[in-house]
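There are two complexes below, and they share subunit A, which is joined by subunit B in the first and by subunit C in the second.
This part shows the complex of A and B:
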C-alpha cells in the first residue's frame, strides 16, 4: 500500500514540474544557485584570461548570509588576497531583491571605510567578465521568463528558459538559461545583445555535493566578442557555518576576523 | 618614535610563536616628482626622488594579532637614509569589544581630501609631492578601544604623545611667510596627548556618527616675540576641541555624505589673538554616483565659517592678509577604469570660490602584472598668494610611481 502511494507521487512529479512557469523555475534556480544554506563561505579564485592567454588572478574569501526566506535579503562580505595592491581590502554588500544594494568598501591604504554608489548591478565585478548580478543574482522580477524547450547539457536534462528584460534600459536583449531539471542549477547561460548577437556565455563546469547541496564549484564566463574569459573556482566551499550577523558591520570591515576570512 | 632596530627585533622575535599564522609581504618602489614650472627654493629640480622598500608582517594567534609595517628609503634630495615604522600594533578582539595598541593609521569622516571629522595627522607634503595615497596619513602611537553593544558602536582613541601633521618642507615648496626675514625660529610641541571618540550606528539605512576630539591643532601657528621688530618666531600648536557629526546613505542613484563640526579654539574663544585660529564651523556635502560602468563621479561642497570675525579683523596686524569669514570650496573627482580595471584614470579638482585657490591632481595608473604597477600624474596649484594652494603656484610637479609588490 505504502509503495503504491510513492508510485503515484512519483508519477505526478514530472507533471508538477511541467506545470512550473518560467518565472517559478528561475526562482527555483536562484534558490539552488544563490540561496542554499543559512550561510555560505568559499575561497574564490578568479582567473581573468585574455584572448592571448595572459592571466590575472583575483582571489578573495566570499561569505554570504541569508536574512530570512529564500529570495529575500542577503549580506555579502568579501576579503581580498590578490592582487597584491588590493590585499586586505574588504567589501560588503547588503542585497535587497527589489531595490539597489548598499555597498561599503574598506581601503586599507588610508584605513577608510567608504559607502559606494551601486545602482549599476550590471557592471563588472573586480574587472572580471562576471557582473555583480552574475555573482549575487539578478532580480527575477526584472525579466519575463518563458520556458522555450527542453534540452540536454552533457547528460543532464534541462529546461531552457528565455528571459527578456521588462525595461527598455537594459544593456542586453535577452538570455537563455539551461536549468538542470533535477537540481535546478543553471548549467549554461547565453546572453544576447539587442541585435540578437550572442555575446556572453556562462557555463557551470563542475558541480559537486557539499553537505548535500549541489554546488557549482567551477564556473566560466566568456565574452564571445573580445575572447576574454574569467574562470572562477569556488574552493573550500561550505554551508551552515553559523556566521554571526555582526560580521557584516563596519567594525569587521576594518578588522576582518581571521577565522572567517582565511 | 619606534626605531628601525626595534622593528627588526619584532621581525626576528616573531617566528618562534609557532602556532601563530604569520604572513610576510612588502614592496619595492621608485618615486620621482619633478618640477614643471620652477626650481625649488633650494635650487633643486625635484620635489621627490627616492627608492623605498616596505616589509609588512602580519601574525595572528587566536584573539591576538600583530601587525608591523616598516619602511626603509633612500632620499636623493638631501634626507638620505630614511626609516619609518608606518604601523606597528597589537590587536586583541573579544566578543563585543576590542583594543589596538601601538602605531596605527586612523581615518574617520567622509571627505575626499577634505577633512571635517578626521582629526588624525596627515602628511600634506606627501600629497603635494606625488607620493602614493597611503602616505597622506601618518600613524599615531595610541590605544584604541572599541565597544560594540547592540545599540551603537564606539571607538575611543587615547594618544599620550601628540603627533602633528607634516607640512611641506620649505626647501622644496614656496610657503607663504609674512615674516620671512626672521631666521631665529623654534617649535614648541604640546607635552600632552589627545583624545578622540567616535560613536556610530545605522539610522533608517543611513550611517550616522558623532565625533568628539580634545587636543591640539595639527598644524602649527606662528607667534613673533615682537610685532614691530620681531627677532624670533615660535611655532606652537593651539588647543582644539571638536564636536562633529556625519551621515551617509543612498539618495537617488548615488551616495550622499553630510558632515558638520564645530571647531572650538579654547586658546582664543574671543577671537582677538591673531596668532591662534578662531573657532570655526565646518560643513561638507558630498555626492557620488556611478553614471556608467567603471565610471565614478564625486562632488563635494565644503565650507568653513570663522567665528568672531569682527574681533579677528580688529586684531590682525597691518600688512597681514585677512582671511574671509566664509570659505566655500567645491571639489570634483572622476575615476574611470579600463582594460578589466587594470588601467585607472582619476582626476581630482578643488576650487575655493572665496579666494580663488585651486588644486588639480590628474593621475593614470596601470597594473603591468598582478605584482607590478606604475602611475604618472601631476599636482597643479594656483590662486591666492597666501592661500593653501595659491602659495604653491610655482611648485607644480609631475610624478612617477612604480611599485613591485611581493
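This part shows the complex of A and C:
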C-alpha cells in the first residue's frame, strides 16, 4: 500500500527528483549539508540559551576536510576561543562511516593530548543542544528513510522524510526532515522520542551562497522539553582552502597553525 | 432567646425540621463525587512559602527533579552476575519506556555515567552499555564499580549485594501509575532477586490509598461502634438512630462544603468524620437529662422543654469551647491544619444547631411507652453507674487534701516527662515497620547511601568563582566534615567529578585523586567532561555560570533532626574555615526540617491561643474567673499527664499529635463545663446554701446525674476513636490513643478532682453570696 502512494507522488514529482528514494534523498541532503567542498572552515559562535534567557557562549574555529566521496571519511579540527578558561583547547575527530569515531583533545592546562572514547554520538556537543551527530552527521545506513509527504517551509518546497532507526542505540524513536527540493539542505528537523513525543527541533534559519555553495550560516537546535536552545552562527565560512591533511594530527593539536585557526 | 424559639419551633413543627434537614443533607451529598485527595507532604506549607519557592528555584538552577522513585534490587549472592545484570538491564529498558519517566536521566548500571581511562583513552559514558557475556566481563564491571567512589553507595552497596535504579519523574507525572507499572515490570522476572520500591512518590500514594481506606472503612466502623454503645446505654432504637443521624448529617454537611469549596482532603481532614461523630456525642447530655426528666414528669413535651432549658447553656458553651478549640487552628501556619480547624469548627456549629432543632423534633416522635420502658432503670438511686460515680466524687469531696496532693505529685512527674518530649516528623515512620514502604526504605538505607536527600547550595557573589581551586578544596573539606555525622550516608558534589577526571587523566594514579591545582585545569576538565557526559550530570552539581554549586547529602533517616545536624555542621565548618560564600540548605530533607519547626511554633502558638480562648469562654460561662480556674484544672491535668507519658515513652511529637493537643483543650474542657454548670444550678435549685454539707450533697448529685452523661459521653468518644488504634498508619493510631486516653482521663479527673477542689476552695469560691452568680443562674433557668 505504502509503495502505491509513493508511486503516485513520484509521478507528480519534477523530473530530476523522480528517481529518489527516501534513503537517496537523505544522502543528497547529507552531501549538501555536511560534505560540500573539499574542505571547509568557519568561525562558529554558539549561544546556549536557557528557558529564562540566560546565555553562555561557545566560540571556536571549525575546520573540516573530506577524503573521498559523500558519506566517506572526514576529519574535523576545532580550536576553542570561548569560554575563556578553555581558550587554546583543541579537539579533533576522525570520522568513519559505520565505525566509531576517533577523538582527541588537547588540554592546555596540563599540556596533554588525550584520546577520548567516542561511545555515544548522541551526547551533547560542547554542552550545547546539538549532539555530535547533529554536527557531523549520522550514518544514512543506520535508519530507514521514507518520503512521507511534500510541504513548504517558508516559501521553499520540501520533501518530508521520516527516518526510523534500525537499531536501538539511538535516543530518538523517529525523526522527520524537511529537505529543500532545490538545494537539498535540511531546513527543519523534528526529533521524536521513543514514546512519540516531539522533543527536539532543528531549524536552518539563514541560508546563503558561499562560493556557489548554499550554506546554512545560522542554525538553531531547541530542546522542547527543557526549553533550552542553542543558536549557532557560522561566520567567515569558506570552502576549498587547501587545508593540509597533516593539520589533523596530534602535533598540531598542541600547536595549531595560526593561519588556520584565526 | 434564639435557642428557646428554635426549640419551640422544632417541637411544634417537627416534620418540617426533619424534612428540611433531609433536603439539606441530600443537597450537600451531591458534592461528594467531586472529592480530591492531596497526600503531597509539600502542601503542608502554602505554595508561596519561602522554603517551597526556594526549593523550586534550586530544582530549576540545577535541573533537579522534584520526585524520584528508587528501585532497589537485592541478591544475597551478589548482583554482579550475568543473570542479575541481564535482569537489571531489562528492567531499566522497560522503565525508561514508561510514560512520565524522565528517561534521559534514569540512573542504573546501564545508564549511569562512568569515567575511566583504558589504554590511554578517556572514556566517559554509561557504566554498562551492554550486558556482560562472560564472567571476565562481569569482573571488569566489578572493578569499574568499586574503583569509582562516585558509584559506591549510589548504585552498588559495599557488599555488592544491592543496586538501585533511580527513576526521576517528569513534572505532573502520575507517581502511583508509574509505581504500579514498575511493580508489574519486576514481577515478570523469575530470579531469586528481591525488589524494593521506595521514594517520596511511592510513600505519598500509599498514604493516599490508606487515607481513603480510613475514611471509607474506619469511619463507618466507628459509627457502628458508637451506635452499639448508645443502644446499650439507652436501649431505644429511635434515640440511637437519632444520634447517629445527627452525626451523619453533620459529617455530610461539613465534608460536602469542604469538597464543594474546592479543598482537597488531606491527612488531617480525613480524620474529620471520626471527630465529628465523637463531638456529636455531646448531645448525649440532652438524652441523659431527658431520660431523668421524663421519668420524673411523665410528660414528653414538658420533659423536652425542661431538658433543653437545663442543659441548653452547658451544651452551648461546650460547643463554643470545642468550636473555639478548633477555630484557633485557623491561625496556624500549616495549611491542612487550618483547613481541618475550619472544617471541624463548622461541623461543631452544625451539630449544635441540630441539638436545638433536630433532636427536640425527633424526640417528639419517640413513642411514650418505649421511653417509659427504657427509662425504668434511669434513676440516680437505682443505677449502678450513678452509685459508682457518686462514690468516686465522694472520695474527692471527703478527702480533698489527699486527692489534691496525689494530683500534685502526678503533675510533678508529668512535668518531668514533658522535658523528654522530642519534636520530630518522619514521614516514612508514619507507616508501620512491617509496611512494604518502610521495609524498602530501611533495606535501602542499610545497603546504600540513604534515601532522604538534602542539598547544600554553596553560592558566591562572583561568576566563575567555583573554578577557584580553593573553593573546590573548601567544598571537598565540607563533604569530609559532613561525612563524619552518623546520619550522613554519602555526599556528592562537583569535586568528585574533578578528582575522578584528574586521576583518570593521569593514568589512574591515586596521587591525582585530588582537586586540580589551577582554575584553568578545573575549567578544562569540566569542559571535557561536559563533552561526553549527560547534560544532567554536570547541571545537577554546578550552575552554568560557575557561581553556585550544589552539594548532595544523602541521609540515612527521614528524621527532620538529621538535616538540622547537617546545617549545624556546615555552619561550624564555615566558622573554622572562612570563605566568601553562602551556604543555603535545600531539598526535601530541608523542607521536612522547616515544616517540623513550623509544627513546633504552631504548637506553642496554638496552645497559648487555646488556653486563653478556653479560659475566656469558661469565665464568660460561669461569669467568674475563679470558677473558670477551677474548671481549668482537670483539663490541664489531663493534658500534662498525656504529654508526660508521650515524653517518657519517647514517641515523636509530630504534626498530628501537636494538633490534637491544641484542639483537645476545647474538647477536654467540656466535662468541666457540664459539671460546674449543673452543680451550680443544683445548688441554686436546692436553696442556695453554701455550707459544707449542702455543697457536698450538690457535688455528689452532680457526679451521679450529669456525671453519668459525662461518663457516657467519654465512653462513646473513646469507643469511636478506639477504631483508629487499628489504623494502618501510625499518626492515626497515635491520635486514636491520644483521644481515647484524653477523654477517659478528663472524665475521671472531672468527677474526682472537681469535688475535691470545690471543697478545698469552698470559702474562696463562695466567700460572699454572689449576686452576679445568682443572676446568672436565674438567667439560665429562665432560658
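Methods note: the second predicted complex is superposed on the first by the 247 of 262 C-alpha atoms of A that agree within 3 Å, B and C clash if a C-alpha of one lies under 4 Å from a C-alpha of the other, contacts with A are read in each partner's own complex, and residues count from 1 in each chain.
The rule is simple: a contact is a pair of C-beta atoms (placed from the backbone, for glycine too) under 8 Å apart; a residue touches a chain by one contact, two chains touch by 3 or more.
Keep in mind the model is a prediction, meaning the values are calculated, not measured.
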Simultaneous placement of subunit C and subunit B on subunit A, clash or fit: clash
Which of subunit B and subunit C A:262 touches, first, second, both or neither: first
Touching partner for A:100 - first (subunit B), second (subunit C), both, neither: first
Which superposed partner A:89 touches (first subunit B, second subunit C, both, neither): second
Contacts of A:57 with subunit B and subunit C, given as first, second, both or neither: first
Partner chain in contact with A:111 - subunit B first, subunit C second, else both or neither: first
Which of subunit B and subunit C A:249 touches, first, second, both or neither: first
First, second, both or neither for A:194, with subunit B first and subunit C second: second
Subunit B clash site on subunit C (candidates 259-267, 313-321, 529-537 or 745-753): 529-537
Subunit A positions touched by subunit B in one structure and by subunit C in the second: 48, 56, 83, 85, 109-110, 112, 114-117, 119-120, 123-124, 126-127
Interfacial residue positions of subunit A with respect to subunit B in the complex: 48, 56-57, 82-85, 87, 100, 102, 109-112, 114-120, 122-124, 126-128, 228, 246, 249-251, 255, 257-258, 262
Touch list for subunit C against partner subunit A, complex: 63, 96-97, 99, 103-104, 118, 120-126, 129, 464, 467, 505, 516, 518-525, 527-528, 530-535, 538, 544-545
Touch list for subunit B against partner subunit A, complex: 21, 25, 27, 60, 65, 91, 93, 98, 104-107, 110, 132-134, 136-137, 146, 148, 153, 200, 205, 207, 248-250, 253-255, 257, 288-290, 292-294, 296, 337, 340-342, 367, 369-371, 373, 403, 405-406
Subunit A - residues contacting subunit C, complex: 48, 50, 54, 56, 83, 85-86, 89, 91, 105, 107-110, 112, 114-117, 119-120, 123-127, 171, 193-195, 226
